[in-house]
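Going in written order, the chains are labelled A, B, C and D, and every chain counts its residues from 1.
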Amino acid sequence: MLASILSLGGIGLFAAVTLGFAAKKFAVEVDPREMAALEVLPGANCGACGFPGCAGYAKALVAGTIDLNQCPPGGADVVTKLAHILGVEASATARQIAVVLCQGDNRKAQLKYRYLGLEDCTAAQRIADGPKTCPGGCLGLGSCQRICPFDAIEMTADGLAVISRENCTGCRKCVAVCPRDVIHMTPYESGVHVLCNSHDKGAVVRKYCQVGCIGCNICKKTVPDSYKIENFLAEVIYEQDTEAGEAIAKCPTKCIMDFNVGYPDGSSYLPAVADKPHAA
Amino acid sequence: MAELLLILVSAIFVNNFVLARFLGICPFLGVSKKVETALGMGMAVTFVMTVATVVTWFVQYFVLIPFGIEYLQTIAFILVIASLVQLVEMVIQKVSPVLYQSLGIFLPLITTNCAVLGLAVLNIQKDYTFLEGVVFAIGAALGFTLALVLFAGLRERLELSAVPQSFRGTAIALVTAGLLSLAFMGFAGMVKG
Amino acid sequence: MHAVFYSLLPACGVAVYFFGPSALTVLLIATLGCLATEAVCQRLMGQPVTIVDGSAAITGVLLALNLPPTSPWWLTLLGSVIAIAIGKQVYGGLGSNPFNPALVARVVLLISFPVQMTTWSVPAPLGTGLDLVTTATPLGEWKNAVMLTGKMPVDMQGSMSEYFFGNMAGSIGEISALALLLGAAYLFYKRILTWHIPVAFIGTVVLLSGLFWLVNPGKYPDPVFHLLTGGLILGAFFMATDMVTSPVSVKGMLLFGTGCGLLTVLIRLFGGYPEGVSFAILLMNAATPLIDRYTRPKTFGALSQRGTQ
Amino acid sequence: MKLKTFTGGIHPPDNKQWSSHKAIENCPLPAEFIVPLAQHIGAPSVACVEVGQHVAKGQEIGSAKGFVSVPVHAPTSGEIVAVESRPHPWGTALPAVVIKPDGEDRWSAELQPADPSDLSVDDMVEKVRQAGVVGMGGAAFPAHVKMSPPPEKKIRTLIFNGVECEPYLTADHRMMLEEPERILRGVALLQYVFGAERVVIGVEANKPDVIDLLEKECAGTPVEIMALQVKYPQGAEKQLIAAVTGGEVPSGGLPMDIGVAVHNVATAAAVTDAVIHGRPLIERICTVTGPAIREPKNLRIRIGTPLSHLVDVCGGLVEEPGKIILGGPMMGFTQLGFDVPSTRGTSGLLLLRSEDVAAQPEGPCIRCARCVQACPIHLLPATIAAYARRDLLAETEEYCAMDCIECGSCSYVCPAAIPLVQAIRYGKAAILAKKRNS
């Protein structure tokens, strides 16, 4: 009995001594807070915070060179946890989600040429600015759908990208990959959007798209403080968009849509049943 | 000498630790995403196995048997292996942080890796002399590394194939591992294992 | 793809000639089984059904050529399901599978049903009305003799010429070297096959078995025996050269062939199974990704051989 | 006698029979010239004329910006109608100068010929730069930049590219046949500029008439005429150097790193006009060919002639073209329509019928390795394309995607019709973009 205790104790002691010595020799100091922060972060390594993955963001957080709300997928609860770990006061940010500002799928919008090649928007864009006549329209080749880490984007049968408001975490990867910058970040609460991204004059837009914004100002006249027109393209002012819905019926090309009522046709997403409260 | 060579070859091919004896499957599946990581893991396991065999052999024949406490074999072996893994972990973290990051949790997990403990126990059961034990350990480790690297090569190739959605990731890895061990069955019976 | 199909027909013809209707049934069940499985799998996965490209049919014929002539219908059917479902479709269809589907099925069947897979029969040419008598293949005979007596069997069954034309026991496709070579010549002519893999494969087998033969002629058979018996020619020209599962660069193909040859001889002479070709090719299929990685051709103007990082 | 060549490459049908026997014809002036300001590799030139201004033939209408840039000249005398963005062969609308010819076609007075013997090397390089001479093989790289290598990079071998390996095109072939002396004087001038010991003119063996003529013309001079095996892409710079000298341009390096310089034969002719006659580069030979054009021709066109005019000059269309290509079918630029002007790099206008471009649906890659054998740079096109399409940029670069010369051999031989070149180009662009951002 004594022999077993002594022998195991001896091996243990010997091991402890060598490890103690080795620990000093190979010491690499790692801030425990960095590990804790890394645990809390979603780990999607999406790069929305501007760092190559969550580890980079955790390191910067501990070094204090970046504030806490730079991780959109994490959302508010990650911010509060990080604040707790780092012992810093947290400023929560409003949730942002991505929206494809276009309805011009291959049936509604005109194609400049028959594109044969890679199923990829960036690749198609390199050939004479993409197969779609409209300079800002969604090419519908699915680059955003493939890159979305949260499976929040679908392609309709006629080649239009649609983003689900519920699944989108706002990590901005689709915004970065879209060669036509047709995906914009918008506040989660506002469901009404002008679905067009073309600054051409009305007459030109009518020629290549049935649902494009022709810059006719009717929406601005109907709800003056919810819309603004910048060289022939209407845009919702998201801070005061409570009555923006009134202009939907008046828009001659049915270009404005409320995502709380329905998604563009051909999409399989359904609007959330409960009506989301609008921003105060 | 021929005897040692036979042990080596049988440990690498015929009774491969992973593909024939099915020991050490969790790192086999966990660390085989990239060939570099697999090689790193292979080296780490080779070091731990070889040194562990040496130490456990001494512990068995100079501590456990003289004091008649063979029943403590498992605890003692685990203690030795654990401290060795701790040492390897420190060295790798210092020498190559990238490898340390990519191995992640699987580096400390070598402690509970059944291949390592299995090797130490098998050494004793087969009554190998000290030299045979070490050769067997090197063979086992090389066999483990061979299987791991082959499997990592296959999985890197699967990155490029159009694996259906429901099979992506571990599912296709398990199917491929099955077929790989099927291929290794060819070596069965080649040497009296 | 269709050219490969036609190049297999001579071998099938010889098989039906020697083994009669039972060989024909195995061929039909295997081919139709593979086509049906592929159609079902693709339909289930919602992909377009592409059995017209003939790749499943080729796998079916190759599988049949690997089976004994008297193999029961359920064994063949099971083999074709395994070949297509597990060997190919689970990886995503044509071009994605790392292992040769026909060989996967053969090895699975060999290990799961050793009895049915090793009941060979004496060839009974059509018209002689002999029913099929079970016997051992030349390789099997040699292995048993070595196991028992440690020496070559005294009365080896049949002479080299008979092996060449196909009058010997073996799986449907293995028996006639002539028919297989005819098919292979057609593929070389159509430039579908490159010589690298077959030459390296057969060359290594002949060299290595020749070495062993010189060292101990009493125990080890001569290289020509190795060449004509077992699945070497079928394996070297039709199985190992399956493009999807073999390396892309010339150096890679030569290494692949040599590896297959080495393993075939090792398994045949020292392994537990009499026939090593299937296992050798599967093992080299497993090594193909690594071979591809380390035998990249040197890039034009590259300073160092950047391929071997 | 086994002809020299490079490793890899493919043998597409050369389809030169449409126009190889047709003598060069001068193309009549179009109603309106559209001269793009961006016609070459390097910074585009800047317009130095206003609307309404009257210009003479050869007068500078766009001045160069920076060292790697060349001026643009008026193709004829006439009035500037507009300076605005117009459709451009590169696919997008780019700034261009629109000139309405006045029919006099009067040369500008300032241009004076010079005697090469009393010109220094630097004078010659400057005259070439002012004349706007660029590589006529299609790359359109400013010639004066190539003519002024850094002093430590001594050019020992000077190669002239008369290979014209691109199918359908016969512009260089006809020029070598009908105007050899213009080329050979350019060759002599360039040899003087580089001080090269060895001068070689490479011509593919499918132009025996040219080889005989040049051998007769160059008998007794140090110029070597080398017949090369007929193989695509023999005309690619690196491949031509490998075929002629056996040396390999280091990956990521330039021909001058191994003491070699390569110029197109048409560039040599343009150097003669610039140095001896003092005339800028305002015209070139262009092959209008293909099954969809009524009378294929080799035309001497003025830079800036709209394609619609070229089609009219060649008797119009047999049928609505399935594809309009500027250059050859392998490396040419597909165009959206005929309202696009020709530029200095336009070596041909190829009009294919719809059935010529029947698109085969893309099948899976079965690793048949035909693209590996075809690639002149010894890459693994299928592997690079597979990595590039999945945005695995580290591996794409590791497999040397940046060394790809985009010659199209792999896409041509791929039995599964996989757009390999487009995938690799996509990968290269993604790698460059990532480098720029980080």
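Rule of thumb we're sticking to: a residue touches a chain if its C-beta (ideal position, glycine included) is under 8 Å from a C-beta of that chain, and two chains touch if they have at least 3 such contacts.
Predicted, not measured: the structure shown is a model, and the values here were computed from it.
> Using the stated contact rule, I'd like to know whether A-B or B-C comes out ahead in C-beta pair count.
Higher C-beta contact count between the two pairs: B-C.
> Taking each chain's centre as its mean C-alpha position, how far apart are chain A and chain D in Å?
44
> For chain A versus chain C, what separation do you get between their C-alpha means, in angstrom?
Roughly 53 Å separates the two chain centres.
> What whole-number Å value describes the gap between the mean CA coordinates of chain B and chain C?
32
> Of all residues in chain B, which are in touch with two or more distinct other chains?
In chain B, 162 touch at least two other chains.
> Residues of chain C that touch two or more other chains: which are they?
93, 95-96, 292
> Which chain A residues reach two or more other chains?
There are none in chain A.
> Pick one for the touching-chains graph, please: line, ring, star, complete, other.
Looks like something else, not a line, ring, star or complete graph.
> For a test of understanding, state which residues of chain A touch chain B in their complex under the given definition.
It comes out as residues 3-4, 7-8, 10-12, 15-16, 18-19, 22-23, 26, 28, 55.
> Under the touch definition given earlier, write down the residues of chain D that touch chain B in their complex.
On the chain D side, the touching residues are 364, 383, 386-387, 390, 392.
> Using the touch rule from the top, collect the residues of chain B that touch chain D in their complex.
Contact set of chain B toward chain D: 159-160, 162.
> In the complex formed with chain D, which residues of chain A make contact?
Interface residues on chain A, with respect to chain D: 112-113, 116-118, 120, 122-123, 126-129, 147.
> For chain D, which residues are in contact with chain C within the complex?
Residues 238, 242, 248-253, 363-369, 372, 376-380, 382-383, 398-400, 403 of chain D touch chain C in their complex.
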